[in-house]
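Comments concern the structure below.
Order as written gives the chain letters A, B, C and D; numbering starts at 1 within each chain.
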Amino acid sequence: MKNGMNFFKKGKWLFLILIALLLLPNFLKDEPYVLHVCIIVFVYVSLAQAWNLIGGYAGQISFVNHTFFAIGAYTSTMLLIYLNLTPWIGLFVGMAIAGCVAYVLGFQILHLKGHYFAVATIAFAEIVKLLFLNWRGVGAAYGLSLPLKMPSFYYLMWSSKLPYYYIFLLVAIISTILIYTIDKSKAGMYFRSIKQDEDGAKHKGIDTRYYKLLAFVISAWICALVGTLYAQYILYICPRSCMDIMISTKCILIVLFGGLGTVAGPVLGAVILIPLAEYTRIKLGGGGQGWDYIIYGLIILVIVLYQPQGVYSILRRCKKNVQKMLRS
Amino acid sequence: MDLVYLILQVIINGILIGGVYALIAVGLSLIWGVMEIVNFAHGDYLMAAAFFSFIFWSYMGLDPLISLPLVVVIFLFIGFGTQKFVMKRLIDSPTLITIAATFALSLIIRYGFFVVFKPDYRVIRDPLLQGSLHISSISIPIAKMVTLLIAIITMILLFSFLKYTKKGRAIRATAQDREVAKSLGVNVEQIFLITWGLGIACVGIAGAMLSTFYYVFPLMGVTFVLIAFASVTLGGFGSVHGAIFGGLAIGLIQQFGGTFVSPALKDVFVFGVFILVLIFKPKGFFGKY
Amino acid sequence: MYSYYIRGKLKKNVIQVNDGDVKMKKEWKRISFFLMTIMLASTLSGCIGEKEETPAPTTPAPVEDIKIGCIWPLTGDLAAYGAANKRALELAVEIINNKYPDLNLPLAASEGLPNLGGAKIKLIWGDSRGTPEEGRSAAEYLIINEEVVALLGCYQSAVTETASLPAETYGVPFLNPDSSSPTLTERGYKWFWRCTPKAIDWTRNALEFYTDINEKFDANLHTYGIFNEDTLWGVESGDWLEYWADEFGFEVIERVQYPHETPDLSAEVLRMKQANPDLVHIAGYISDSILYVKTMKENNWLPKMVMSGEMIQMSDFLDALGDDGNYFCLTILFPQDLVTTKALTVKLNEMMDERYGKTFDDPSARAFTGLFVLADAINRAGSTDPAKINAAFAETNIPGEKMILPWAAIQFDEKHQLKAGGYVIQQIQDGEYYTVWPWELATRDIIWPMPSWDER
Amino acid sequence: MSKKCLEVESLTKRFGGLTALDEISLHINEAEIIGLIGPNGSGKTTLFNCVTGFLKPDNGRIFLREVNITGREPHKIIQEGVSRTFQITRVFPELTVMENILISIRHKEESRIRSIYKKSNRDEIKKASELLEFIGIAELSDQPGGELSYGQQKLLQLASSLMQDPSVVLLDEPTAGVNPTLINKIMDRIREANEEFGTTFLIIEHNMDVIMGISHRMYVLATGKIIAEGNPEKVRSDPEVFEAYLGGD
């Protein structure tokens, strides 16, 4: 992972942020709610990075990522409940299953273009959700409650939030580094070329189907990984909560807000939007009833209309302008 | 009830609800076909139209059937407004951007109504259209029947507009190839404006008719929008008869699946057939105009 | 890497300077506009937040307010319930915090909680949005950041399930006034209390009712049909109905599970019509119930009786359906007509109507009661120490006359579940709800069977 | 010189009732520049699409260096060494010029999975820079492709088509819409590439002067059939060709 290391070489400030993130929980020991928000931010950083790969780089608008997330969550939870298998193994089984599903699904529908692919993924996600809602073997609408076995490293369950904080931080970092590596790699170049002009990419001898599948499967892996850990954290999963299409939609909005097809975009988006959503929900959700959604909608609309490249491009431009000013 | 009657009833139910879906889908299809924008806020325009009908009924005592022209005109202008103030800037944007924009619109409309009208369930009571026709043991709800009728009229009008008027032909030309249309001197901006107006007016009709037999609720759009997507894609986007075909097909699949196999899985059949069609016939059964 | 390689050769700046200036100006315009909008949005949110948060001006509290966290679906598709509960709870707070000597409710006569020096109750609201994880995160926020003394909520069983987790972890009492899933109190939680009967109770009551009908009218009811939606609550209710139908010797000939908030229910109704059972039970939220009644009418079909849960007591049901809503039966905890004999309930209903133009319904009456049970426990504990409150809960004994609900008393068993508290069955007649069962409590005779659509 | 590089054998392609290509047979020897001319709609671009696998021919076979490539998937055919450019330029607007060229390397099946962490190696970058030097837009290598002028994009297309050491390069109207000075430049580059690297070209071109000047041999296509073949002089004097052009448009 030599390229991955470049990530750290790039700027010392990244190091500083990392250290700050590692030390942060020490100050937040008595603020589990803030920790919870941090964890949700990390969850969405990872999920948004996963979406960024298939949507931002390869240009396929997928509304099915939450299904892979749910597959991860369900697989490990089922294994834990029925076979008493540690989620550390369940995690890989979940990733494998999600990968297979992504492969089969992608093989069938990745040739669809633009909206068609998007609508097909919505339909598939709905089918899976409806089947799970009616499938007694996986708890149907009852959902699955994880057996409490805390605290235990083996069962990946703690009563404190700290270990979860570090685990989700790790996952967020891993997925970001993965996307960074891909961004700088040949595959990243191919993904972007597919997004811009798929036939053109084919004419350059790129096996577009293979690379789209690759992006889709890797994306599914990350989602499934996060799904497993999320189930361990939230301790209860049901189709209506973890197969909610809003999860995918949120990922899309986060990526769009931060900057499509950039490594920093999903991070920025999640760091800004998730706490903002939490804040508006708490400030307004109770009294305002729906105002938070309206504000959310307005922000997205403004971004889309005036700054479709996302917040990251603003920052980059500011940086450039500042440099220019300093030079002159 | 013996099997023949049952099957007949299911077919009638399917066609009636299919007519509703078709009416909802046709506006979506128009916008989708001409501008290549999937309007995720479509269901919320539907909801808004139903609310307008409800408001006319509760404050002015106008039956939805009577206030229908009013609602249509209002929604025509709402459509113009949407294009003028929001979508105009996004004409050549990537798919994702338009999806996000319409999604944001959807949130704003949905929760705007939510804030103003509070999440109560409302029903227009004793509308002109109520009760059912009973032919031996088969029953045909009048409200849905009239909706189907209006759907058919709307589509005939829309179809003739697209086929026989100058503007209609310009719309079709734009749908087929925007650049060529531009080079032929078609005012594409204006065409987009008309398209949005017509598309939203169609969903206005659908919403007004829906309010005669469905409850009115700020979040009701979500229920219909996925079905509308499926109808449009099944029929092939950008075609009027495609939307009719898609709506009816989905209505029938839903009713047959729901009645004879399992109601819980009725939408699984809908989406299942839909995905299969996408895989094997990605352009739907009818292409563009 | 290749950029390094090329950079040596890069000498000319390709962008023209003039062009760049214009571009930059435009960019800055854009950026500043963007920033302004964000600022506007946040100020907007601040304003609204403040406006909503200002409590009703009362005399300055002598002691610190007692914060109670309330978690209900205030947005999302179940927001109607959240809104109703919010109204009821605000009234309850008003009653507890001020002197209402003419109301025979616990703590009404005094200002605040007397054992805590007249401390006032303050409600802090959390929005579950009807989803389990939001419910949990709201609970966490309320416990940690708002340091609430206790939690109330959350209506949906699935949300209660997750929202009570942090309460258990942090040792904060959680009182659930309105979720009926039996599993909730089977988890053996130390801090979780429920002052409402479980699904197992009302489903049994429904079947007992039909057994009684069989006796009374010699009705020979035998076949049973269940509509249930595919949420946790719906499926669980359906399962229990099926269980009790078996126990009481009825035959479930059709069970239709349908997607929550579906656009159309013709297939479901047709299926049921095809099976044509004597009795039908609807376990669905109000939106779907309205649609069911309409679709049954369209199909011109009714069984001998249709029973529903307390959902259809929400005023929306009759507002929506008018006369078509007549003759339906419902199992209910809070029969308004029964309590008209209770001066207390009449008075409260009046107050509610005066303030909000709405009266109590089942969920809001339960939430209302819940707050009094909680306030009573805190008052008896004499402190905000959670352990003491928890101990006080165990000794809760609120007599029936001090309640809005028609129960004998509120007491908890060793599983922290409400001991007594049964359901009655009401029928809608002439647009009003009348209690018809148990026979000895009936305020009107039941109209049996319900007249078909043609006969109305 | 007589070794065949690309050979097309009685290729037929129909669209519904329309026969776009009718029993076309042609061959290109190594290091030859072949001109392909014909009136609009005569099936030139269809022929390109069939050769590159984007259209499946109804009949006939295509050999690349004596390997049958008929009916293979496009990316496989291109990996075999057929590269092409388009009539309307088709560069990736958001990739840099450098990336636009790097993307055109010959892709190897076995290293695909490793591409997610591998970068372009030094050799590839060196070669790409040389190509950029060769066509004279090296100083633009960090610009996004979309910001180039039309002519520069044409040059970029040419460069990227040379990147993968192709057996044969199919150029679809390399000079269409380009100003005369740049036309000469493009033609010089093509000639140079042919002379220095021995690259084989098949060029569709409407500009007769240009194509006559550069081609070693020419084929003339009209309504899906080859109506003439031979060196430029021969084609120029062929009355059938003259008629096809006059009658065609």
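Just so we're on the same page, a contact is a pair of C-beta atoms (placed from the backbone, for glycine too) under 8 Å apart; a residue touches a chain by one contact, two chains touch by 3 or more.
None of the values given here were measured: they were computed from a predicted structure.
Participant: Centre of all protein Cα atoms: which chain's centre is nearest to it?
Facilitator: The chain sitting closest to the overall C-alpha centre is A.
Participant: Looking at chain pairs A-C and A-D, which one is connected by more C-beta pairs in contact?
Facilitator: If we tally the C-beta pairs in contact for A-C and A-D, the bigger total goes to A-C.
Participant: Find the geometric centre of each of subunit B and subunit C from their Cα atoms only, then give the gap between the two centres in Å, rounded to an integer.
Facilitator: 33
Participant: Once you find the CA centre of subunit A and the CA centre of subunit D, what distance in Å lies between them?
Facilitator: Whole-Å distance between the two chain centres: 42.
Participant: Counting in whole Å, what is the centre-to-centre distance of subunit B and subunit D, each centre being its mean C-alpha position?
Facilitator: From the centre of subunit B to the centre of subunit D is 47 Å.
Participant: Could you tell me which residues belong to subunit B and also touch two or more other chains?
Facilitator: 111, 114, 118-119, 262, 264, 267
Participant: Would you mind listing the residues of subunit A that make contact with two or more other chains?
Facilitator: Residue numbers touching two or more other chains: 130, 133-134, 288-291, 293, 298.
Participant: Would you please write down the residue numbers of subunit D that are in contact with two or more other chains?
Facilitator: In subunit D, 102, 119-120 touch at least two other chains.
Participant: Quick one: which bits of subunit D touch subunit A in the complex? Just the residue numbers, please.
Facilitator: Of all residues in subunit D, those touching subunit A are 52, 54, 73-76, 78-79, 83-84, 86, 90-95, 99, 102-104, 106-107, 112-113, 115-120, 160, 164.
Participant: Once bound in the complex, which stretches of subunit B touch subunit C?
Facilitator: Contacts found on subunit B: 1, 6, 9-10, 13, 16-17, 111, 114, 118-123, 125-126, 131-132, 134, 139, 141, 144, 213-215, 217, 219, 222-224, 227, 254-255, 257-259, 262-264, 266-267.
Participant: Contact residues on subunit A for subunit C in the complex?
Facilitator: Residues 30-33, 36-37, 40, 130, 133-134, 140-143, 145, 159, 234-236, 238, 240-241, 244, 278-293, 295, 298-299, 302-303, 306-307, 314, 317-318, 321.
Participant: Write out the stretch or stretches of subunit A touching subunit D in their complex.
Facilitator: That would be residues 1, 3-4, 181-182, 184-190, 192-193, 196-197, 199-208, 210-211, 214, 218 of subunit A.
Participant: Using the touch definition up top, name the residues of subunit A that touch subunit B in the complex.
Facilitator: Interface residues on subunit A, with respect to subunit B: 55, 59, 61, 108-109, 111-112, 114-116, 118-120, 122-124, 126-127, 130-131, 133-134, 249, 252-253, 256, 260, 288-291, 293-294, 296-298, 300-301, 304-305, 308.
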